[in-house]
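Next, two complexes with chain A in common: one pairs it with chain B, the other with chain C.
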Partner chain A sequence: MRRYLLRKLLIYILTFFIAATLDWVLPRLVPGNPIQQLLAKIELQPGTYNATYKLYMHSFGFDRPWWDQYLSFWKALFHGNLGISIYDFPKPVTSVIADYVLFTLALLIPAILLAYYAGNKVGAMAARRKSLDNTVLPVGYLLTATAYPWLALLLAFLLAAGGIGHFFPISGGFAYGLLPNWDWAFVWSLMTHWFLPFLTLFLVAFGGWAIGMRNLIIYELESDYTHYLEALGAPSRLVRKYAYRNAMLPQLTGLALQLGVIVGGAIVTEVTFAYPGLGYLIFQAVGNDDYFLLQGIFLFIIVGVLAANFIVDIVYVIVDPRTRVGISGA
Partner chain B sequence: MTVLGTDEATADRGAPVAGAGAGAPKRRRFEFLYFALRNKKLIIGLSVVLLFVLFAIFGPLFVQHPLTAYGPPRHTPSGTYYFGTDYFGLDVFTQFVYGLRESLFVGLIGGCGATVIGMTLGFISGYKGGLIDEGLNVLCNVELTIPGLVLLILIAGFLHHTSPLIEGLLIACTTWTWSMRAIRAQTFSLVSRDFVGLARLSGEKSRSIIVREIAPNMSSYLFLVFILLFGGSILVAASFDFLGLGPAGGMSLGIMMMNAADWSALPLHTWWWFVPPGAAITCVVGGLYLANVGLDEVFNPKLREL
Partner chain C sequence: MGLKVDQLRICYRTLRGDVTAVDDVTFDIADGEIMGLAGESGCGKSTLGNSLIRMDVRMRQLGGRVELDGAELPISDARAMRDYRFKVVSIIPQYAMSALNPTRRVGKMVSELLRSRGFDYKSALPEFERRVKLVGLDADILKRYPIELSGGMKQRVVMIVSTLLNPSLLIADEITSALDVSTQRAVGEMLLEFRDRNFVKTTMVITHDLSILAQVADTILIMYAGKLAEKARTDVVIGSPLHPYTQLLISSLPEVGVRHDEHTLVGIPGRPPPLLNPPSGCRFRDRCPFAFDRCAADPPFVEVQPGHSVACWLHADGVSPAGGAEQC
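== the complex of A and B ==
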């Protein structure tokens, strides 16, 4: 178990290192210097332009040797300094992120967990009931094949913009007239604004889990141990229980693999509903050429995904006894 | 996709690689056709995809209004404007035809690129084993942990000019990971077979063993991988374009949805602007997934429901 977790931890540290390096390399690698692009937005006389350009190149340290820039990048990173945001000037990037991160977590954690739970349950039920399977399978495939922006737009149109009714607000994290305050009106407003983005993320992920679980259970029910149990005369409930437990393992691996897709979906969904989470923020950062904010959010999302991966690993150790004795290092 | 979870599961358990060590090739081809024509999932999935591909190819023949011809704004779908017009009076049907072309093209580039990268690294990793395998596997795990769309956004944030080709290649660079894992696992199970050992004994070079002995024995599997990556790339491209990061000046299904969202299609109830592009994506990708399941049943005798 120790070896398994240590190995995972090593990969995560490496991932963070590579992600941070990407963060540093990309602006320097891609054609078109960021400072030129920022200066292109303001009209300057050629003489003034050169002086301003030099000033900024110097103050951002672009005139220093690359290793020096790279080292000071890491130094700043370890001090928790991600730079100053341009979109929300003059706030530091870290505090801008802190303002938005709770909304994203409130959206992602329930969506991931509930979709995983419900998808697995429904998929397992579909595997043993043909009548249910006939609806779960096509609906599941349709949901996984749906692009996040479309489902978001569709739900917003039908349930918020009056396609069917105006049941939910169409955009924002809470009503404009309210101040963040823990009273009922504010909490209710939070809930109603949260529901549609949540539903979008939930539905797409749900389809995938349901199909995956259904296929796995069918696969398990044809394996040797199932036939052996049946030959022993075990009740079918017991057989299904064992099949479900075995099918959980690949699904758990799948959960770690799916995190990135769901995070990507959350970005698009938040943008559609103007929901003030990290996805909406990264969209604003790109739109406003706010490079520090863009880099900061990227690193922040990586750290979040790594933490979630590590949690899945620990759960895997608890669920699969083989990793504990070190027979298999999944 | 979760399809992935199953793939991994079957690959880990050494599921039979379709066609490995089969008998006379001629009989096998007929057998393949026999089962392919009787598989409803394959037929339905493939016809839906083909329908859209044909529409993308021949669609411009039915276009009545050029991309930049302004008509009455927010016109409901009618005989002259099949899918209505948008906020500015541009024909939605025209946008749909050209958008579908570009979305399919980007998806194809993304799918092909990701399959090639995944195949190359998967074969090398699975065949060579040892330190090379360890290194490539770590690389794959690192890339797998970094959310693809977020990496794409980071790149696009700095790279201000993209073309459909570059977009497809960028998508390929972020989606190859799971195909590499799956191909690597399959290669592992093939490397220990006798015929590979024989080829090695007879002094064949590694590259030719991979190309001539290993790859043909999992060709059906590679095809399935490509289909899934094709569908996945279309979905990623839709999100990427929707965020306004797609090729400037182009038209794609994602860009249509972005424009609709930006120009108040929701409060103004111009649903015909964003419903067709998203529905087309769902149909094509759903068709691809369905065809994938059908093909899997055709290739893998264990899965046939007969």
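== the complex of A and C ==
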């Protein structure tokens, strides 16, 4: 068991190293550079541009060779220093991320967990009731095949822009007139702004889980151990319980695989609703060639996805005896 | 009392029509008797076995009656049958290797199964453990997961679980097919032991392997294309079979002491007829070396000697050809 976890940990560290390296390389492949963006915002005296440009390039270290920059990236990373944001100059990247991250977590965690829970339950119900299946199957396929921004626009049109009504605000994280403050008006504003982006993420993921669970349960109900239980007169309650539990295992693997996709979906959904989360921040960082902010956000996402995968790995060992036996080498 | 099956007809509903896989089958098994049911793949032997415990959704009972211990067994009523399963009628399935839930410990699975049928696992446990030891397994297999057991161990576990409630009728479906010869022999001995210790009253051993039946069965019933061909005591079926199909089946088995480079082992040429719209008359007619004009009519299954019945015109003296069987 310890050896298994150590090996897993090693793989995760390696993955992190590769992902962080890509994270450093990719923004630098984009044409232009952050200093140009930064100087474009300031009005400079004619003739001073080149000197100021040189000065900034030097102070950000962009005039040093690439390997030197790469090494100092890792050095700073170990000190918890992610650099200074260009977009929100001169705030440090960590504090910019801190301003936005709670919105993303409040969106992602409930959407992932609730969609997983509800999708599995509804899928299992559909597998044993034909009438429900006739609805769940087409609706599920439709939802899971829907692109996040498209569904986001549709929901915004129907529920916010007056397609059906004006139930929810169309964009932002809270009403413009309010100051962040823990009173009822602010919390209510947060909730109503949160709902549509949440619903978008929830619906797409829900469709996928429901269909997956339905198919898995049908497969389990055709398996030999099910037939044996039925031949021995076991009530359908017990048969369904076994089928559900065994069908959960591939779904759990699916959850680990889907995490990255859902995070990607959250980014475009946040952009669509101008919801002030990390996705929206990425959009701004790209527009400003903000290497440091981009790096910082992606590092945060990489660590989050890897940590969630690690948790799924551990849960899998707990729920599936076959992996346990594989580990202990029995 | 035992099991009495009377003119049972079972068909499968398919998109192309009904396939009568068990056609007008009549036989009985006495208490304490082990009956072997043999025939080629697709002859209806497993369908017959399954119909006595659990008909799947494609199966329909077209006629006939099944009686167990003097009372009718409601085989086509799935709800009523649920109460009989495991307690009165039990099965060791064809797929014993994969019959156990892979994510449950053996003991846990059995306890949940027993509890769901209204039995107390705690009070059944001593007897369960005793039987586990009886078949040569260690009691700690109850704490193991199925993947930790070998194929032969799983087979034995399933055999004990299926017979735990001392059923009246046990159906053992192809239980030796996936095993090597020495394990086959051990499984055969377990069946005899279960009978001798009254774990089961009547046993039906379904197989295509006549040699295992020679070891365990008291009587053998041969089926061909959904119909009965011959039934007699084991020594009679093996030693002096009357039906040409049984004769060919026996002669296609290797014998000890015979060198098969001198005497080539012969199979039975041809294939069984399709069961969707089967030909009229004797179904073995096309493959039978003795076929003659009377075979165009359906041969009756008649007792030619006490305890020896056969469906063949060669041995149906005095019986006039009746009309063919009514359609499904």
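We adopt the following convention: the second predicted complex is superposed on the first by the 279 of 330 C-alpha atoms of A that agree within 3 Å, B and C clash if a C-alpha of one lies under 4 Å from a C-alpha of the other, contacts with A are read in each partner's own complex, and residues count from 1 in each chain.
What we mean here is this: contacts are C-beta pairs under 8 Å (C-beta built on N, C-alpha and C of every residue); 3 or more make two chains touch, one makes a residue touch a chain.
Keep in mind the model is a prediction, meaning the values are calculated, not measured.
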Superposition on chain A - do chain B and chain C clash or fit: fit
Partner chain in contact with A:Asp224 - chain B first, chain C second, else both or neither: second
Touching partner for A:Arg322 - first (chain B), second (chain C), both, neither: second
Superposition-derived comparison: chain B or chain C, residues of chain A touched: B
Partner chain in contact with A:Arg245 - chain B first, chain C second, else both or neither: second
Contacts of A:Val286 with chain B and chain C, given as first, second, both or neither: first
Vertex chain A angle, Cα centres of chain C and chain B, expressed to the nearest 10 degrees: 60
First, second, both or neither for A:Gly233, with chain B first and chain C second: second
Partner chain in contact with A:Leu142 - chain B first, chain C second, else both or neither: first
Lowest C-alpha to C-alpha distance for chain C against chain B (Å): 7
Intersection of chain A interface sets (partners chain B, chain C): none
Touch list for chain A against partner chain B, complex: 11-12, 14-15, 18-19, 22-23, 26-27, 30-32, 34, 37, 141-142, 144-151, 153-154, 156-157, 160-163, 170, 208-209, 211-212, 215-216, 219, 250-251, 253-254, 257-261, 263-265, 267-268, 271-272, 282-283, 285-287, 289, 291, 294-295, 298, 301-302, 305-306, 309
Contact set on chain A toward chain C in their complex: 223-225, 227-235, 237-238, 242, 245-246, 249, 319-322, 325, 330
Residue ranges of chain B in contact with chain A within the complex: 1-6, 8-10, 138, 141-142, 144-151, 153-160, 178, 231, 235-236, 238-239, 242-245, 254, 257-258, 260-261, 265-267, 269, 271, 274-275, 277-279, 281-283, 285-286, 288-290
Touch list for chain C against partner chain A, complex: 53-54, 81-87, 90-91, 93, 95, 98-105, 112-113, 116-117, 145, 147-148, 158, 161-162
